[in-house]
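These notes open a run of structures that come right after.
Below, subunit A partners subunit B and then partners subunit C, in two separate complexes.
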Partner chain A sequence: MSAVMTHETSPGLWALAWRRLRRDRVGMVSLVVVCAYLVVVAAAALGWIAADWPREVGVNYAPPGFAGADAPPPQGSLTPLPTAAAADEPGIVDPLADVLAELRKGLAAAPDAQARAATLPLGGDKWGRDVLKKVVKGTETSLVVGMVAALLAVLIGTVLGAYAGYYGGRMDDFLNWIYSVFTSIPYLLLVLAIAAVLNQKGTLTVILILGLTGWTGIFRLVRAEYLKHRTREYVLAADAIGTSNAQRMFAHIFPNVSHVVLVQLSLHVVLFIKSEVILSFLGFGVGVETVSWGSMLNESQSELILGKWWQLAAATTAMAVLVTAFSLFTDALRDVLDPRLK
Partner chain B sequence: MTESLLSVRNLKVDFRLNDGTVSQAVTHAVRGVSFDVPVDSTVALVGESGSGKSVTALAVLGLLPKPNARVLSGSSIVYRNRELLGLTPRELTALRGAEISMVFQEPMSSLNPVFSVGFQLIEVLKKHLGFDGKRARARAIELLREVGIPDPYIRVDAYPHQLSGGQQQRVMIAMAIACEPRLLIADEPTTALDISVQKQILTLLYELRQRRQMAMLFITHDLGLVAEIADQVVVMRDGEIREQGAVTQIFSAPQDAYTKALLACRPPLNRRPLRLPVVEDFLRGAEPGIDTAERRRGVRGGAEIILEVNALSKHFHFREGLLRKREFKALANASFKLAKGKTLGVVGESGCGKTTLALTLMRLTPASGGSALFEGRDLLSLTPEQAMPYKRRIQIVFQNPYASLNPRFTAGQILMEPMRIHGIGADEAARVNISLDLMRKVGLPQPAFFKYPHEFSGGQRQRIAIARCLTMQPDVLICDEAVSALDHSVQAQLLNLLQDLQDEFGMSYIFISHDLAVVKYMSDEVMVMKDGAIVEMNDADAIYANPKNSYTKQLLASLPGQGAAVVGGAVS
Partner chain C sequence: MTAYMIRRLLQFVPTLLGVVLLVFMLFNWIGGDPAYLLAGKMSNPEQIENIRRQLGVDQPYYVQLWIFITQVVTGDFGVSWATNEKVSTIFATRLGPSLTVLLPMLIVGTLLSMVMALLVAYRRGSLTDRAIMIGCTVGQSISILVYIIVFQYVFAFQLGWFPVQGWGQDFVTNLIKFSALPVLVGVAVSLAPDTRLYRTFFLDEINQDYVRTARAKGMSESRVMGVHVLRNAAIPIVTHVMIQLPALLAGAFLIERFFSIPGIGREVLLAVERSDFPVIKAVTVYVALATLIFNLLADILYKAVDPRVQLK
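And then the complex of A and B:
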């Protein structure tokens, strides 16, 4: 067999790109940061960490450990519920009097039975849930949404772009028409429309919304690349030896435009993470049973008035670090994959 | 020798490369080059790609790409008793254009497409000579007339795309001489142009130089051109000067083995040696004696015909305005026969339809009419499924070896793919063996199997492309300018290879090229094309010795190095 002959495997273009990336310090640091996030996400997804994030482990609005505990509230009451006296005002019948009485009784009956912590590492939210765990779980939601939606958008954009650019003519006209329809509708309107059609809240819905609206930019880029490549001599040569259209599109041209696709993928992960935050903030995001950075920011809206800044700080920091690292990594990726550098 | 205008001494230029393999690889692009450009004469810098000739020219102008190129200490470039290497950017800018100017290879990309040529000329005049608008315009028209642009009053307002390639290069020359420089550097000024235009530009440069008593540094890869224009020749290879001297001496009595090889590896027009001598022969010291064995070419009456093309046409439609369509005939009623085991040369200038002919025959672009009978079946009317078995029997080698191989495939994958598609070879192992066999045949070492195209030189890539065709054992091989992008010494090797393969496999070639000497050497029959039509077709020797058509005559007259055709007579 000639397969046994000795040879030095020579570096392909990907290997060369990796070598260049390894020498890019900023690129490597950001890659490490992104990988660290991915590890956290994987651990969270497998339930190793932060699986018990909904448990109310601290006192309400427990401050972060480094800020020190709040002064104990008077009478051990955790929430300043309206006193009974208020309801006794003449002429006013409190319709919730019974409920309030019930609540008061409940609070008195369980005076911190589980000994809630006065402080938490990164503080607690309104119900005393650990913000650190929420951030970890939120990272999982946001990153998964960002990555899966980006994959979906890139898949749609690449396939449609490849067909439009490769075949041209009517196929191109038709796909461009679809593209124009999608881009001519205001973004939020489109999001609302798709949300209405899907008619349920949840992570999957967010992914679908982002994926179905976000492919247009990728479509344009990939189409342009295919237009450029389909008349290249190597594609003609592939035609000459008898390859099929599909082989030429995906086995021959695709590897040569994959750097564009990869950079777009990376770019859209960042974009969609931010979009998910905005959607959740606006209330079109993930449901109440899950936590994401967006829903955390949404909660912290009302908390800020009370001066409880830690949930906001934790969510924004986590997001800022990831987005920055991912963007820097995308830049580095674009540099090392630039075919002019080979 | 008279006083020297420019003298380069011990010029060394290093390039830093970031190729991803070594952190900072350094190539010595120019290693200690010394030569003089005397006043009022032309010095030709000749060398193949990578010889450092362009880098030398850029160094003179101070135009080396900044961060990566470094001129080593000890180098010196003296222009009129002034050292150029230590000048500030501002001083250099003043010098460029006014004293030393340059004409580049690609007129198309050197002119700004959004400004009229007049505007670009006037800008130069205003900037360097301080002319006012009116005077500058008058001067611009004068300059255009001087470089031979017809109707300069009108053309001064033309945009670059409204001019032909030759006219664009004339405008570039007008810009270069606008400030009456003492030294004109021309970097391959005719390489991108058609052969007949090439001759006109050379004549223009020659006359301008004489009239204005400039000195010219003429950079080229083509030793043939040098004979027509230069007084002194400097032959470079790998950043070093191999030989320099007066042009007569270089051509009549070359001393260096490399110079001899460069002179010898061009196909001669008057005879047809079995093999072309290649550089390696000369450098090995074994100077091949004149190969007296001649290859017989030509098609005699009863030759078996493998491909018969009848009235082949290809029209393109352009939309003009809203409804009107303009038709462009890229190929009009082309009919010819290709004899089995023979070579049909196709010559013509750019835009004559040579490449369209190849693409149409390969079914890479649909024909508008006509037929191509291959063993009695019309290739053009087959459905894609029916065409599959014929696809492997007619193959093509493209011009640009840097574009025709998929950069993401290794040489092995490139060779195996067609065999997989056509079911050649019993299994993968058999295919690997066939590939390795073919690689040996085309002169590639075995480890090349695992390498990617970017690791090969241009000549080696073209060998891979040829081997890819051979995997399918085609009966007809179309070579579309297959050697045109390569250095002359590499061309000779590939031409030898193509002839060897024809001898071994009995393939028929359609050999398309703008290079008349190469076509003459390779072909049994030659077909001359112009504006999509075949103007003349005959046996190769007959057509070159006795052209019937006026266009063929004109084309053949522009062949460089044909004795009488020499411009001013640097060499008689």
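And then the complex of A and C:
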């Protein structure tokens, strides 16, 4: 039986979509770029690359290799700190004297500035940390936050949307009420309000904030799809063979609306990456021990005035390339999964 | 129409009640005891007890909720925890600067995106169209932070065309001198997404029958596009701008912070940084109310300019 059938099987939705995607040159290029980013992020997450990003390997503000090294600063130009002089005066006890002595000892033990690299591939930051490694770690943070938060938002939106659309009635009214409450508060304001309440930084906090606030658009779309599907023949047939409501919702209807969910997932990754950058920039995002594109942009603000443009350029480029590729891929995904839209 | 308005206004009640409940849950329940935040690190149990009594957080939850609802209805949210300024005064004094920047930004941005969108929609499918659309995707991918940092650095710090930041007393100086660069940044940021969106609005109209009829009558292309298509596509565009307005009021905090504009957005950000709950609560509830009102206004406007629209 199956042998005969395989001869006549027509390709499924996903096989057809893949075939269409293969023909879409922009879509394929952006897919390759996104995959390249994912490989880098996986390598960074496993600690294979950029694990030693906090090490101060270059001189302070080391310029990028292609720009050439800065002229060394004239020796002895640094004036001694006034606190050090004050501490020597008799009668005044410097409460920080012990700490300062310790710090000086630490500085003497640390490698001399001359031993550090004069240039780094993409330059160094204020402390001489490698910007290239920071960008890699920042990419890891932003992409992980974006993807996990998007998964969370899609999960919430899909489950709630499925219940609202499938059951209708009271359930629908109740979930729609929650939806209208969440959408009446502007997105970024809601995010900031929750950040103020939680009052703690960290990757997990950011993921929770973004995921718990960002599900509304997905809810609306999934609800409309379930509303359309729940009276279709195949669902009635599933009912007739005695499947449960949950089985009908998630085993029968869900595969038929999964393309909508997939496009939304991709769309929300981009949205959340952008939001994470803003949150981290403002200091409500990931903690200080984590590097993010947002915190890099924050540092680059004061660097730019000194003419140190490389950290800004590196973070901006890394983000722009990823977000552009992801957006173009989302567009391509939408086109191949629903060709009628074109 | 009146019946419709009344029905819509009645629908505000459950939504607003939900917003109040959500905000209450966030700040009075998940947020923990505000007395510890207020008293700071150097506090003794008596001080904490005192503050708790002043804020009413020693009361049961339903009493606290009632206090909050009275605050929302009367508009009296008390004083800011950080500055002791009355919350209502804060809003009254911060609204002007916000609008001085936002209104020119919206007007210039909308007009510019409309012109761009009309041009690319007219040349749809051409190389120009595709190049501009890809340019828009790239432009949208760059963080708003980068626009602000780079514009401020290049146009204010390096070239000195504008003041780096600041705000004066006099409206005209503020508008001409201090708002110019923030408006420019805002327009640059919104240009890419708005052009993309308005292009789809124009494309919807270009395929309509009345466009073919107008062309068949021998009407010039500029008149077809500039009068017929533009007027019809203006409906969704104006609606879009109106719905955006309340969110922008609170959402322009990045621009307001960078350029030191004493507006509502900057106040929200300060409040979040200082855990100034009365200010955040008030902003959230009132911006939600403004969003509902503007949505209703947009629907009514839609009906007024397009008689085909049925209000249900």
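We adopt the following convention: the second predicted complex is superposed on the first by the 282 of 342 C-alpha atoms of A that agree within 3 Å, B and C clash if a C-alpha of one lies under 4 Å from a C-alpha of the other, contacts with A are read in each partner's own complex, and residues count from 1 in each chain.
Following the convention adopted for this analysis, contacts are C-beta pairs under 8 Å (C-beta built on N, C-alpha and C of every residue); 3 or more make two chains touch, one makes a residue touch a chain.
Since the structure is predicted, the reported quantities are computational estimates derived from the model, not experimental observations.
Once the two structures are overlaid, the count of subunit A residues touched is higher for C than for its counterpart among subunit B and subunit C. Applying the stated contact rule after C-alpha superposition, one finds that A:278 touches subunit C and leaves subunit B untouched.
In the overlay built on the shared chain, the residue A:188 is in contact with subunit C alone; subunit B does not reach it.
In the overlay built on the shared chain, the residue A:234 is in contact with subunit B alone; subunit C does not reach it.
Using the contact criterion defined above for the overlaid structures, shared-chain residue A:25 touches neither subunit B nor subunit C, since it reaches no partner.
Residue contacts after overlaying the shared chain place A:170 against neither subunit B nor subunit C.
Of all the residues in subunit B, the ones that touch subunit A in their complex are 18-21, 23, 359, 362, 364, 388, 391-392, 395-396, 398-400, 403-408, 410, 417-418, 421-422, 429, 432-433, 436, 446-447, 449-452, 454-455, 465, 468, 472.
Residue ranges of subunit C in contact with subunit A, taken from their complex: 14-16, 18-19, 21-23, 26-27, 30-31, 137-138, 140-146, 149-150, 153, 157, 246-247, 250-251, 253-254, 268-269, 271-273, 275, 277, 280, 283-284, 287-288, 291-292.
Considering their complex, residues 1-3, 5, 7-13, 16-17, 19-20, 23, 232-234, 236-243, 252, 255-256, 339, 341-342 of subunit A touch subunit B. Note for the complex: subunit A touches subunit C at residues 177-178, 180-182, 184-190, 192-199, 274, 277-278, 281-284, 293-294, 297, 300-301, 304-305, 312, 316, 319-324, 327-328.
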